[in-house]
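When the chains are written out, they are named A, B and C in that same order, and each has its own residue count from 1.
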Amino acid sequence: MSATLLLEQLINGLQLGTMLFLMASGLTLVFGVMGLINLAHGSFFMVGAYLTAAVTSASGSFLLGVSAGLLGAAAVGAVVELVVIRRLYHRPHLDQVLATFALILIFSEGTRWLFGSSPLWLNTPPWLSGFVTLPGDARYPLYRLVIIGVGISVAVGLYLLISRTRLGMRVRAGESDREMIGALGIDISRLYTAVFALGAGLAGLAGAMVGALQSVQVGMGEPVLILAFVVIVIGGIGSIKGALFGALLVGVVDTLGRVFLPLFFRGFLPPSEATDVGAALASMLIYILMAVILAFKPKGLFAVND
Amino acid sequence: MTDQTPSGTLPGDLPARPPRRLGRRGTVQLVMLALLLVLPVAADLLGHPYYVTLASRLTLIAMAAVGLNLALGYGGMVSFGHAAYFGLGGYVAGIGAYHAFDATAFMGMLPGSDNLLVLWPLAMLACGLLALLIGAVSLRTSGVYFIMITLAFAQMVYYFANSWPTYGGQDGLPIYIRNQLPGLDTQDPLTFFLICFAGLVLAMALTSRLMGSRFGAALTMARLNDTRLATAGINPYPVRLVSFVISAMITGLAGALYADLNGFVSPSMLSWHMSGELMVIVILGGVGRLYGPLAGAVLYISMETLLGGLTEYWQLFLGLTLLGVVLFARHGVMGWLAGREPHG
Amino acid sequence: MAEAVLALEGLHKRFGALAATDDVSLTLRSGEIHALIGPNGAGKSTLIAQIAGSLRPDAGRILLGGEEITGLSVAARARRGLGRSFQVSSLAEPLPAIRNVMIGVQAQAGHSFRFWKPAERDPRLIEPALAALARMGLAHRAWTPVAELSHGERRALEVACALAMKPRALLLDEPMAGLGPEGSARLTELLESLRLEVPILLIEHDMQAVFRLAERISVLVAGRVIAHGDGDTIRRDPQVRDAYLGE
């Protein structure tokens, strides 16, 4: 286990973490402000990736593609909010779960119908495909560092938005007292649409960027969605700070676990068994972490009083 | 085994109940059961074993949903991880058959078995224990946290099954010869269907009896107003935990039968899609209704078979139907066919 | 001197810098109605929550029938005989009134892990429930869903639910809340008739009811008991007049 490997995997973990933050922040914002649990969030991730792939191959510009992915996902989010989501705010959580599960089915099958089952082509653009030299003479893909950079910018941007702007003030007010904000005459339905679209856009951005790393296919958003839920449960549903902390924690623990647990077991088990046990444990690690945290803090680490 | 309005008067100056007769609800229920029994038998006699197997599949999905309905519908616990029990039941059946076939032992200790009289209690025991562990932790949370934590625990089981190569890992585990019941030919489609039918009827009868008992009254109150329950002197947590465990055992038994039906068990039985499908079936049929799971399963399998024959994108229409039901027809199929429940 | 059925000894509860309950000691004797009054924000709800068991005091003891119940859960205290009604009715709305009462009878009859025998028509549950309802004048509404009951009927139902548990002490949190003069008068009479059966710790704002019903009155202001005595004593106490009029 070399220091270079550790550093490389740490950065991988950060990259996964920042991408998870993009997903989790939208989820937690929507729950914090509107009290709504949205299973279809992963579909926005997928929509962002698909739009990016389609626009990039049509226009040849990756930047154009990513913008299309972000804005397109936000637009889709706004439409979904207007047509479906706003009927669900006062419904019990079960109804919200089922309705948004229905949306997953609609989005997945709809995408499959439009684009087919084979993955779409999306590569990192040449100007982002280089390598950066890390201490210890290792080469690390530039693109992944760019993702981290984008993630950090979004975190800072969100912080500024929430704490310094009027929209942010309304969001914070909405989080602490939903009924009050309506009584104050602020157009709450526009606020809700905006928040929902913002969350969707962030998910789309995550999908757009990750699409170049992995394949763009139907259902790509689902594993990410589950991880995002674990993140917001660990961080505290409704807390952006919690989402950031949880995302980085989950990203790093998951990445390091997958690499180092098999190595650890090789210390005292035969190699093939070590890989099996290590891999099995690594895939369960995040959930074990969540269960342990919830055992001590049932509402997450940075619980927002609801 | 249908709902009938009981006879006689009650102590005190209370309205007398009308004499025993089958109401609208009872009639619908009886017709559903009768059709479920008669149609596959007819199909078998006419030489269409495919439909018998389809009926078995429907029956087992309904039975799994009966289990979930106990926790979710009657108990108000939105478990998004019931696939864990469905799959675990399946794996018990599969692993038992695997070791019996090979004459090897599970973990080097437990010998295999292809005797269903051994495998079924074992499946229920395993699922009960898993539910006890998961429930003990999860039921300390509530609301969205409960939904998420049950989902997460099911994911744990899913990933674990996926990465344990001995029993197939991602590829799953075949059951080459269906497990046996002494005296019956489980290979025969109709016989196996009748076993599944018996399982469903038993599960529903158990649910009905349970919900009519003192325990059921406590569970109902736990769902409607757990503050009232505690103030009256009953702690909600053990009541919920026990219902959760029983519900998992029913779903687990359905899973064990399902694995034998298909001759195959794989991690997909543990996936969150499976959990979602079970929830969809419960809600389509009508949450907290005795025959809801059966009605929901009929609707689901019908869409899969009929629509699925027309388009491979049938799940799009399932999604639209589900959305429609949640937004506009909240009481599901049973609400539409049999009218509102008297109370609760 | 009658024995104390319920005793609070030196209860303390802080929320941050706020002392919601500040060294409160109080007894409830058998055969009496003891009223607890005080202006809004005095800490009455916090005190009730600690007695009932939904809030843990920082210090102090609570005894029921001489036995300490400070560490017990809400349900455990209820089983030991502490009945409680809520300021805002807490009932199962879709169920008939009698089902709400029956659950209390069921709890007193032993554990609820009975899975087989039907409970809905069990006379061993129905008869005591009907008796409790009759006590509160609600027998004719037994099978009506709670959602269809009037506000006054719900307040009476809350008390009936507590009575069905055969309590040793009753904790009534503003039972007159939201009732007009007729409703209050009726409920006052009903509570008067309960006095000899079960002692009542009555939290109330309705002064007419308080002075009519209570032998002893304690006045809670900013978490402390500032006055204690019978109706006349309290009426004349300058501190009490200050606390109420100064508000």
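Note that a contact is a pair of C-beta atoms (placed from the backbone, for glycine too) under 8 Å apart; a residue touches a chain by one contact, two chains touch by 3 or more.
Every value quoted in this text rests on a predicted model; they were computed, and no experiment measured them.
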item	value
Arrangement of touching chains [line / ring / star / complete / other]	line
Furthest chain, CA centroid comparison against subunit B	C
Chain nearest the overall C-alpha centroid of the shown protein atoms	B
Length of the line joining the C-alpha centres of subunit A and subunit C, rounded to whole Å	50
Distance from the mean Cα position of subunit C to that of subunit B, given in whole angstrom	43
Inter-chain centre distance, subunit A versus subunit B - centres from mean C-alpha coordinates, in Å	33
Touch list for subunit B against partner subunit A, complex	72, 78, 80, 137, 140-141, 143-145, 147-149, 151-153, 155-156, 159-160, 162-165, 272, 276, 279-280, 283, 287, 313-316, 318-320, 322-323, 326-327, 330
In the complex with subunit B, residue positions of subunit A that touch it	31, 37, 84, 87, 93-95, 97-99, 101-106, 108-110, 112-113, 222, 226, 229-230, 233, 237, 276, 279-280, 283-284, 287-288, 290-291, 294-295, 298-300
Touching residues (chain side subunit C, partner subunit B) in the complex	52, 73-76, 78-79, 84, 86, 90-96, 99-100, 102-104, 106-108, 112-123, 125-127, 130, 139-140, 142-143, 145, 161-162, 165
Footprint of subunit C on subunit B - complex, ascending	6, 10-15, 209-210, 212-218, 220-221, 224-225, 227-235, 238-239, 242, 343-344
